[in-house]
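Here chain A shows up in two complexes: once beside chain B, once beside chain C.
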Partner chain A sequence: MASSSEVGGSSADYETMMSTSDVELLKRAWRNEKAAPEILQYEGALVERAKEQIELVEETIEDYVENGKDPLLVSLYQMDLDRTQFLLRSYLRVRLLKIEKFMFHNLKSEEAERRLSEQERVFATKCADDLAKHFEETVLLKLPENYQSVLKQSQISEVDDMVPQPHLDTFVVCRSNNFVSLNLYEEGESPETVEMERGDLYFIRYKIVKGAIESGQIDLI
Partner chain B sequence: MAGQTDPHISLFSPQEVEFMAEDELVEIVPNMNMEQLNFISGDFGRFIPQIPTKVPLWLAVALKRRGKCSFRPPGWMSVDNLTQILEAERESQSTFQALPFSYVEIARLLFDHAHDDIPDKYMVRSLVEDIRDVRLHKLETNLGSFQGTSAVKISNVSAMEVNIVRPFVRRALEAFYKHDKPEADIDRDTRSSRQQREANNEPRRPLRQR
Partner chain C sequence: MYGRKGYQLLKDFASGEKGQLKPFNSKLFDETIEECDQNHHLMQSLMRKMQQEDLDVQNSRNADHYGALIHHLSLMRNKRCLMAYVYNRAEIVRDLAWRVGLELLDLPSEIQEKLTSLEKEYFKNHSVTLKSYMGKVGIELNVDMVPPKDPYIKVRILDDIDEGIVLSDKTTNFARHSMHFLKRTDAEPYIARGQMEELTD
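Take a look at the complex of A and B:
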């Protein structure tokens, strides 16, 4: 059931990839999602696989119970199932929380929109529409004309300043899986780098490690 | 409810940290026969009496509670090792000794459910508590000496400890960063007299007292 398999391959990456079970991947995705200030890429394939495995185990448990198999065994399988279900549910819930929090931003920004799953996108659009309608009916239509936009403070605003954006400058705790060297400051400023060995823990600004998280080199804790 | 930790207090609740620690492998000695378990999280078993085997912590605790196995305490939990670590922790003001990332959770679960499998359990327990105290105290004092930087290295801090200091450190570092950043555009000469400027020259500072 677990997709863990043989040891082999020369580089640590290959080994880690081959021997990481779906549950570990899900745990990693859950942890990263919880710790990151913005929404991360939806792990569609992982979620699908996890759902399948969960359904399979649920059926197996039902079989076992009907056939009167050792109740200890059944309860252990049930525990494993509960743990995996918790991970999956929590992962999806955290994402929903973030979608609700940054609703308008997620729909506006293409990058963020790409990270949502199909259902999440539907949810987000409907939610945003409802919220916009609610604002308009209760408050905005009663304001003078220049101030009636949901997204902008007034007609003269150049940017959508009524849209809360995720704080990418938040500090997060991360651990690196490989040796990685990162540019500490943004383009144009002094290029200081920080080098992380495998297994080091760092408090660091999210923006700096964002790319490395997506590529899997760094985990959030 | 799953996933409803209040993000303003702390990202992860202690229970969630424990949940993550429960996947760590520990060694048990079963006292019964059981077939291999094909879990979603992996395959474990077969279980043969008196033959030690490695299982995740949550499984080990479940089996122990039903009286189906006994624990082999992990190597780092011996009185000798812990005494050594405690002394080393007390000596150094700025570095932390290498301990398993989830040592707090593992120790706590073992004490709760398997204390009869631990030799010198009272000694071990008091050592672990002392180590926890020393480390937490060290963390607190080191927090007072923060400068504003973009990255702070914390080596060998365990999961629970990270979770405890995380909210404070986040806000502190964010405040530093917020106040540091606009000053980079202002006259650089006035910087030298201000303490915070030290930080920008050492972007990576280990947690150290001045």
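Take a look at the complex of A and C:
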């Protein structure tokens, strides 16, 4: 995708720009988000830059169409624009679907809350309110008093036991970018490690690679 | 047998096709709630009986205590069954909002029949939440649900849409069974609602 200073660049420049551009970063973020069972850190700066670039290319295309430039070139730019828009939309969509799925968990766990953007937090609160209200009206108000909580089974429960949580034990396919050595088990138990060379593919439980994904050393596929 | 109605309710839900709703089973639902009430009354009367006999309600372990425990457990199980029923239906309602459209009236009438008025309320509230998020972010998230292969696709019109369609670059008269060459983003909402079909050949 053309950057702001080289909008009318030739096709050679275009190719070299693609390899380290925001599109690649967006694709990587999108792939990780799609494969992970829980919500990952929001790439705010990346999304902003992607939005700006999309707007810019849209304007350029309109310009070209009005000036009657080569329609093949215009439709190539259009296709590339469509693809990038799809990436951005799908990224945001996958995050929203994860928020919807684990509504109450995301608002309770501080770690998850930190990973949401401002607007996503507003969305999550409103979503949870809607669902709680729906539950109350359909079921809870008709039940006897001690059993009317949305999050707890009854007043006697000590923790909120009715909150679905993401399954961190699911297996995922991942590839590492550097040499990484990870603990296979929880701390305190037998410290077996798995060592990954650069470019190795592994089919492993999500919990183990969680930290490495956040620091960018491992990618999910 | 306590808990059987809750089980039947969930079995009724599971027997529908995955992702499709069946009409809300108010009869079983109300019966399960009645059973909860019954459990609660019986439990309270047992606890009162224990208090009258001057036994410590929390700690003494006699037949009444266990009776009350059974009622409590049955109540919790019924609550979980009811909430699971409502929760799963709400999940499908949210899924509908994503796939078909955010306006309640856009849903085909067969689906509207199966929702209770409370579920329609939930659908409306959820649409409002989604729309306000999309407005804040500035991007529409309903289009482009599949990765784009071509920017333009061929479609055939299935229902009578006639006038009233606004496309981004031209206006056309859509008669039934006519074929058009449209932009993918324009055609998507109609395809999702079943009013057009994509021709792939």
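Quick note on the criterion: the second predicted complex is superposed on the first by the 202 of 221 C-alpha atoms of A that agree within 3 Å, B and C clash if a C-alpha of one lies under 4 Å from a C-alpha of the other, contacts with A are read in each partner's own complex, and residues count from 1 in each chain.
The rule is short, and it goes like this: a residue touches a chain if its C-beta (ideal position, glycine included) is under 8 Å from a C-beta of that chain, and two chains touch if they have at least 3 such contacts.
Keep in mind that what you see is a predicted model, and the values were worked out from it rather than measured.
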Touched partner set for A:Phe86, first chain B, second chain C, both or neither: both
Touched partner set for A:Asp169, first chain B, second chain C, both or neither: first
Which superposed partner A:Phe123 touches (first chain B, second chain C, both, neither): second
Residue contacts with chain A in the superposition, chain B compared against chain C: B
Which of chain B and chain C A:Ile221 touches, first, second, both or neither: first
Partner chain(s) touched by A:Ile204 [first = chain B, second = chain C, both, neither]: first
First, second, both or neither for A:Thr138, with chain B first and chain C second: second
Touched partner set for A:Asn177, first chain B, second chain C, both or neither: neither
Residues of chain A contacting chain B in one complex and chain C in the other: 75, 79, 83, 86, 89-90, 92-93, 97
Chain A contact footprint on chain C (complex, rising order): 33, 36-37, 40, 72, 75-76, 79-80, 82-83, 86-87, 90, 94, 98, 116, 118-119, 121-122, 125-126, 129-130, 132-133, 136-141, 143-144, 147-148, 150-151, 184-185
Interface residues, chain A side, partner chain C - complex: 51, 75, 78-79, 82-83, 85-86, 88-90, 92-93, 96-97, 100, 119-120, 122-123, 126-127, 130-131, 133-135, 137-139, 142-144, 147, 153-154, 156, 162
Partner chain A, residues of chain B touching it in the complex: 1-5, 11-12, 19-20, 22-23, 34-35, 37-43, 58-59, 62-63, 66, 68, 150-157, 159, 162, 166, 169-170, 173-174, 177-178, 184, 200, 203-204
Complex interface listing, chain A residues touching chain B: 1-2, 4, 21-24, 27, 31, 34-35, 50, 53-54, 57, 70, 72-73, 75-77, 79-81, 83-84, 86, 89-94, 97, 169-173, 184-185, 189-190, 192-195, 200-205, 208, 221
